[in-house]
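One structure coming up, written as structure tokens, with questions to follow.
Note that the chains are named A, B, C, D and E in the order they appear, and that numbering of residues resets to 1 at the start of each chain.
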Amino acid sequence: MLLEIDNLTLRYGRIEALHGISITVAEGEIVALIGANGAGKTTTMRAVSGLRPVATGSIKFAGEDITNLRADLRVIRGICQSPEGRGIFPGMTVLENLDMGAYTRRDTSAIASDLDRVFGLFPRLAERRKQAGGTLSGGEQQMLAVGRALMARPKLLLLDEPSMGLAPMVIQQIFEIITEINQQGTTILLVEQNAQQALSRAHRAYVLETGKIVQEGTGQDLLTDSRVRDAYLGVA
Amino acid sequence: MKGTFVDFDALFGHLGQHTVDGLSKGSIYALVALGYTLVYGVLRLINFAHSEVFMIGTFTVVGTWSVLGATDSPAIGTVILLLLAGLVAAAAASGATAVAVERIAYRRLRRMNAPPLIFLITAIGLSLVLSEAFGLWQGRLVKGMPTIVERSVLFTIGNTEVTNIQAITVVAALIMMFGLDTFINRTRYGRGVRAVAQNPDTAALMGVNKDRVIALIFLLGGLLAGAAALLYCLRYGNTRFNVGFVLGLKAFTAAVLGGIGNLRGALLGGLLLGIVEVYAATLTSSNWEDVAAFVVLVVVLLFRPTGLLGESLGRARA
Amino acid sequence: MRRKYVRALGGVALAAAMVAAVGCQDSGGDDNASGDGTCGGKIAIFGAFTGPNAGLVIPSLNGAKLAVKQHNAENADCQVTLQEFDTQGAPEQATPIANQVAQDQSFTSVIGGHFSGETKATMPTYEAAGLVMVSPSATATELTAAGNKSFHRVVGNDGTQGAAAAVYFKDTLKSQKVFVIDDGSTYGAGIAAELTKGLGSQVVASDKVQTDQTNFDATISKIKAAQADAIAYGGYTNEAAPLLKQLRAAGVTAKFLGFDGLYDPAFPQGAGAGAEGAIVTCPCLPAAEAGGTFSADFEKEYGEAPGSYGAEGYDAAKVLLDGYKDGKSTRKELLDWVDAYDKEGVSKYIKFADTGDVDPSKVVIWAYEIKGGQITPQSEIKLS
Amino acid sequence: MTETLREINDRRQRLTAGIGERVRALPRWQKVLGLLAFVGFLYYLPYLGIPGLTWFRTDYIPQGNNWAGVLFSCAIYVLIAIGLNIVVGLAGLLDLGYVGFYAIGAYSVALFGSTQSPVVEALQNRFGLSEQWAVSWAICIPLAITFTMISGVILGWPTLRLRGDYLAIVTLGFGEIIRIVARNSSWTGGPQGIAAIPGPEGAPSADNTIFGLIDPKPWYWLALTVVIVMVFAVRRLEHSRVGRAWLAIREDEDAAAVMGVPGFKFKLWAFAMGAALGGLSGFLFASRNAFIEPTQFNVYLSILFVAAVVAGGAGNIPGVAIGAFLLAYLPERFRDFSEYRTLAFGLALVLVMLLRPQGLIPSRRRARELADRRKEAPANV
Amino acid sequence: MSDPEDLVSLAVSEQPRRDDLLVVDHVTLRFGGVVALDDVSFEVRRGEILGLIGPNGAGKTTCFNAMTGVYRPTSGEVRFDGERVSGRKPHQINRMGIARTFQNIRLFPEMTALENVMVGTDSQHFTSVPGALFRLYRKRAKPEELPVVDSDNGLVRAWQQTRLAFAKVFGISRHTLEERAGEQKGMALLRFVGIADRANDLARNLPYGYQRRLEIARALATEPKLLCLDEPAAGFNPAEKEQLLKLIRDIRDKGYTVLLIEHDMRLVMGVTDRIVVLEFGKKIAEGPPAEVRENPKVIAAYLGVPADAS
């Protein structure tokens, strides 16, 4: 297992946000977390990337216990997140933002080729490479966030709401790119509102509800599960 | 006195001279202001102890020169040696102090996620401790030092004389300012600093070690304060245990004036404040210059609530 | 229920203890000195013994200590204690100290204050308590102008010194254009005003600097613009030293004259080479001129020459000590004693006018010159 | 080192935990009685002679200061802290120029009440009044309060729109401006200051029987009475629509505005009320000392006031009172430390903030908040 | 207002009422180059629950902010009760009768639940500093407002009687009456939303669901004509959502008009009278739930194009 989350509990102040969740992600998989707003999906992501302290439980990455590891060291281990709300550095240009993704890397030539790869995936970004991140449209920012995370050449890519605020066409594109990235060998943990898309792309998925995992299974199984359809796919 | 409260002739008769004087005065403000602005830009914290970082720099210069046996107006080779030694020692001492302050106090508070006011009071406490420690150790009276660089007039434009020290001060300040600007905007570490300033969480997700970046900005601020200390010593030839308090206050005012968190704002604010003070002192008398400085600050903030150039490391450009 | 009673009982007991204690405690020991016929007593001395301006005051304190020590060594049967009270020079700190001294009847006389502000703030209190004050260094003219009965000083006032400085400018320096600077302090502004009065139209311009100022560009350009041939500075070393240094660095060669606030080894040290040739006036005698063996004794005791007001501190104490030696032991007796005092001191001949000022005819003002980084006596300034 | 201290601190916390709870659990009448006893004790303090406690008197040491005189200073500082607490603790506005209001209060009574003030002299000349004429002490009280409230509004009106840190530097500038103007203007008496400031019995004179020159006890009782009245008044404000509005603004100004709290108005009120209290304390200070000069109102004092309020426990009257009390008391009691007093104060400030950031006696709200914030601290910083 | 004890119901004015309470009239909003709202028009009618829905990032919150005066529209305008909304300060907009909750709960965390609600009721009150300080503006007390004398303890009873006599002679201050009214109304509201048991706990210590409800109670306390709820169900499980639906219906039944912003279409279906659907800053549908549900544009927007559709 690349990532093993075991019985994780996490609090905001005195409010418990996660109540003992366990998630595993195997190498090469796309695993989706779905659930309503506030169910704890983003919190889980932040715990994995090291932005939130864990109350109890453990997180293991590639066999190593990283529960209390600093966030930046996790990046060096190979975990990179495209955060919810994109987290673009508004005052930096597109190029600088992408360079930030490669912050921990020193292999200049490989970085250059990765940059080409990202620009290949997102031609829009190439057009706007000198533009400040804050002036991009929502969709462009989302591309930038995903591209930036790719620049870290992560073993595990965490994507938090990559389709948020995007037009259906773009959503379609983004998910195709996600699949492509995955096929190129990157393991992906995906948090998504758009359950339809997420489930159809994911190998496996977990359903979160108020800080607990209520269901898990393969993407296709959950996609056809009546309860999931009822609760998260909108139209019954 | 009453009839001549405002003396326009004095001001406009030598406007150029006053401007040059103001610029050279403001350069030192600007260098110290950069320390405030760097820390504020990243941590949103007024590092009140920065004034003492500067003060320690000046004492280090005095100490270094006295150890090296400096005398008034030495030979040119010695001058360069003394300047370099003073610069290195002051920058090292100030930088070390700034980093130590961060390590001893602020990091702990950051871990506690303490509200800004707590940082401020801690900084005030630290500032008291440092300045008092020097007051006890070095005495409370003004401390003189040898005049390393004899003043001479470099060139004259109209009735405006520009002296070597003024030129050194302004040029050195500009060089350091642009050096810093380049460092922040062009290098990998600088990008890390800007990333933490703009979005600390995402910066961590990109692998930026926030602690190291914060230590770095304190170090940078300290180095600049050390450089400012050397220039100060060259220009004024004196220091004192509480020299930081007033100067720090002015430098902070300058930083706010230009837009705190904004590097170029610090430069602009510093120079502007220096000029305003000299003008005001000439126009009335020297003891009104602080009033003028603060009045200008209030007026500027009324029309531009975040200072002349707006806030933040890079954020303003968005 | 029982606990309640215990608590109530405890409360009553505590209250009783408090009430009982009221009777037996009122600012300690008023029964050990005064009025019991024996010789000696307690002198309170107050001033800025700590803080930035302590350097000006410590020599005076040491002078007084020296006088008391000598007195006690010579008069085993008439021991006098000197109690120090540090005010840091702040009026609001001096006021409760005045209350303390006034209420403690064992204190029969006061040396102080050392600065004019603290003196002004506490004079009425000491007067009301009938305590005699002998100040070594509070020089503001107004202190003796309000008819306070307890205040005396063994030092010339700013009026005398300002006038003397005016004479010095006219006669010795032969200055035509004097630029007057002060630091806006009670002392600095006061003495600058006195000088301006004395110089009249020879004052071409003036400026006021502020405490802790370090940059004097504006002042310097004003001096240049006024083309002054002499500069007078009313204030203290902290600002004067950097000012003078910058003045000289800026190529201003006009004569620089400061007052007793600069009579302080830190001044030439802080101003460096720029101080060379500067004049400091002081209503204090040069060490060599001081009467008797004072200078030698002082140096022996403290390992350094008596700085500013060392001799005055000694004299202030001496005036009172002579009274104790003469058997005076109440506040009233000592006040009368000081009023009638008429004797040669180490700094000058001491005899007080009705106002409390030392007899103007006995005041000596000396001009000192900075030579080789030392304050060296130049000449006495004759007032007429 | 701090680790050991932290451990000691934790142990102390375990020991003292629950005292507050137990006190709160007492029946109301016992609390009222306890409070009365405490107030009685405060009035008794100048006589403090209980064996064992005499150690606390500042005249316990030979060079010590008058105990009642120091108590008076403490009371003044407490009054200042209560005023500043409205601004900093309740409304959450950082005011680093509070000393300006203190100065205005002091100068109000000095300029109008003293026969030696240039203002009074000008009035005498203008209206042909006798040389003994001056505004009486009692009338100076409303004058002082009015002037300071007006200056609070004048300062607040343009600046309260600014964000926190900007407000801090602007208020600091205000404090400096007041001092510099007082020092450099002839109508304020300039650097010489103003003497003969009246007290309740008129100009200072040896004939005054109660508020005399020698015995400061009545002055202390007067100041204490004012403090108690003001504590009462501020508590009334705290537990009213006004106090809720201040708290709401401190917590979340935008949300408060959306809930119908006119933020600007109440911030201005906080400034005005804080200013009035600062002015009142300056007023008392000036009339007790009978002499003021501008150097007494330097900006350093402002910063110390804020430090005292925060270190004591911002938002909580007992907390800020203890902070201010210690600020005035400790340097006096430990005069033997002489030169090291300020250094020790600075160290103490840093230690309090590191070990007990909520202040010595925090409000219950604030202590909770800080405890929670500590838990929420992001993992990577 | 049939029941005099019912403090929660909105006092509906008897004046002739126009049907539309809030009108969004061709509102366009641009930030820099980004068009956040593109010519959006709809209205909220009195007494209805209007749902404003759309996928995350569709411009719901932007629209909401324009409606509550936070943003000034680039063109077009928002009118509430016939008056323009934009250009007013937030507290003035509250005075007009718009109250809102926040997507990411924004309570006053260091104040108790009751105090939080009382900040809301305070918007209806007038006591300011002089009133609170001196307890001025005394009114002759009605019998039910007089202090009660009920203690057995002689001393306390004497004190109570003194207070009673004082109140009879001098009346009762506006401050006291307002405090009392605020407290009663606050408690009534806390009971209404079902969290009265934690009235004296600090808001930050309340469980998540309670905080959501508290926010609603606080908004109701300002007696709004229009209550805007911004994603009130975020973080709720289905059971909690169900309770929330009931609460929203109750609120409507008390006479309030409700604007409900949600992205969860299912939740909105069950409670709203009408629905407006936004996508990319444009209104793509408007109508009763049943109608909107069948709208193909809505389905596309909501579900995205199914992956297997291509």
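We take it that a contact is a pair of C-beta atoms (placed from the backbone, for glycine too) under 8 Å apart; a residue touches a chain by one contact, two chains touch by 3 or more.
Because the structure is a prediction, the values reported are computed rather than measured.
Counting only chains that touch, the fewest steps needed to get from subunit B to subunit E is 2.
Of all chains in the assembly, those touching subunit C and also subunit E are D. Of all chains, the one whose CA centroid is most distant from that of subunit E is C.
Comparing chain pairs A-E and C-D, the larger number of C-beta contacts belongs to C-D. The most centrally placed chain, judged by C-alpha centroids, is D. When each chain is reduced to the average of its Cα atoms, C sits farthest from subunit A.
Averaged Cα coordinates give subunit D a centre that lies 40 Å from the centre of subunit E.
The distance from the centre of subunit B to the centre of subunit D, with each centre set as the mean of the Cα atoms, comes to 32 Å. Mean C-alpha positions place subunit A and subunit B at a centre distance of 43 Å. If you average the Cα atoms of subunit A and of subunit C, the two centres end up 75 Å apart. Residues of subunit E in contact with at least two other chains: 204-205.
Among the residues of subunit B, those touching two or more other chains are numbered 201, 204, 210, 245, 285, 287, 290. Annotation for subunit C: residues touching 2 or more other chains are 184, 208, 210. Those residues of subunit C that touch subunit D in the shared complex are 11, 15, 17-18, 21-22, 24-28, 49-50, 83-86, 90-93, 95-97, 99-100, 102-103, 117, 120-121, 124-125, 127-129, 140, 142, 184-186, 188-190, 208, 210-211.
The touching residues of subunit B, when paired with subunit D in their complex, are 40, 44, 46, 105, 108-118, 120-122, 124-129, 132-133, 136, 200-201, 204, 210-211, 245, 249, 252-253, 256, 260, 285, 287-288, 290-291, 293-295, 297-298, 301-302, 305-306.
In the complex of the two chains, the subunit D residues touching subunit B come out as 2, 88, 94, 158-159, 161-166, 168-170, 172-174, 176-177, 180-181, 183-184, 299-300, 303, 306-307, 310-311, 314, 339-340, 342-343, 345-350, 353-354, 357, 370, 373-374, 376-378, 380-381. Those residues of subunit E whose C-beta lies close enough to touch subunit A in the complex are 32-34, 55-58, 204-205, 207-208, 231, 233-238, 240, 263-266, 280, 293, 299-308, 310. Within the complex formed with subunit B, the subunit C residues making contact are 51-52, 54-55, 184, 206-210, 212-219, 221-222, 225, 237-238, 241-242, 245-246, 249-251, 264, 266, 269-274.
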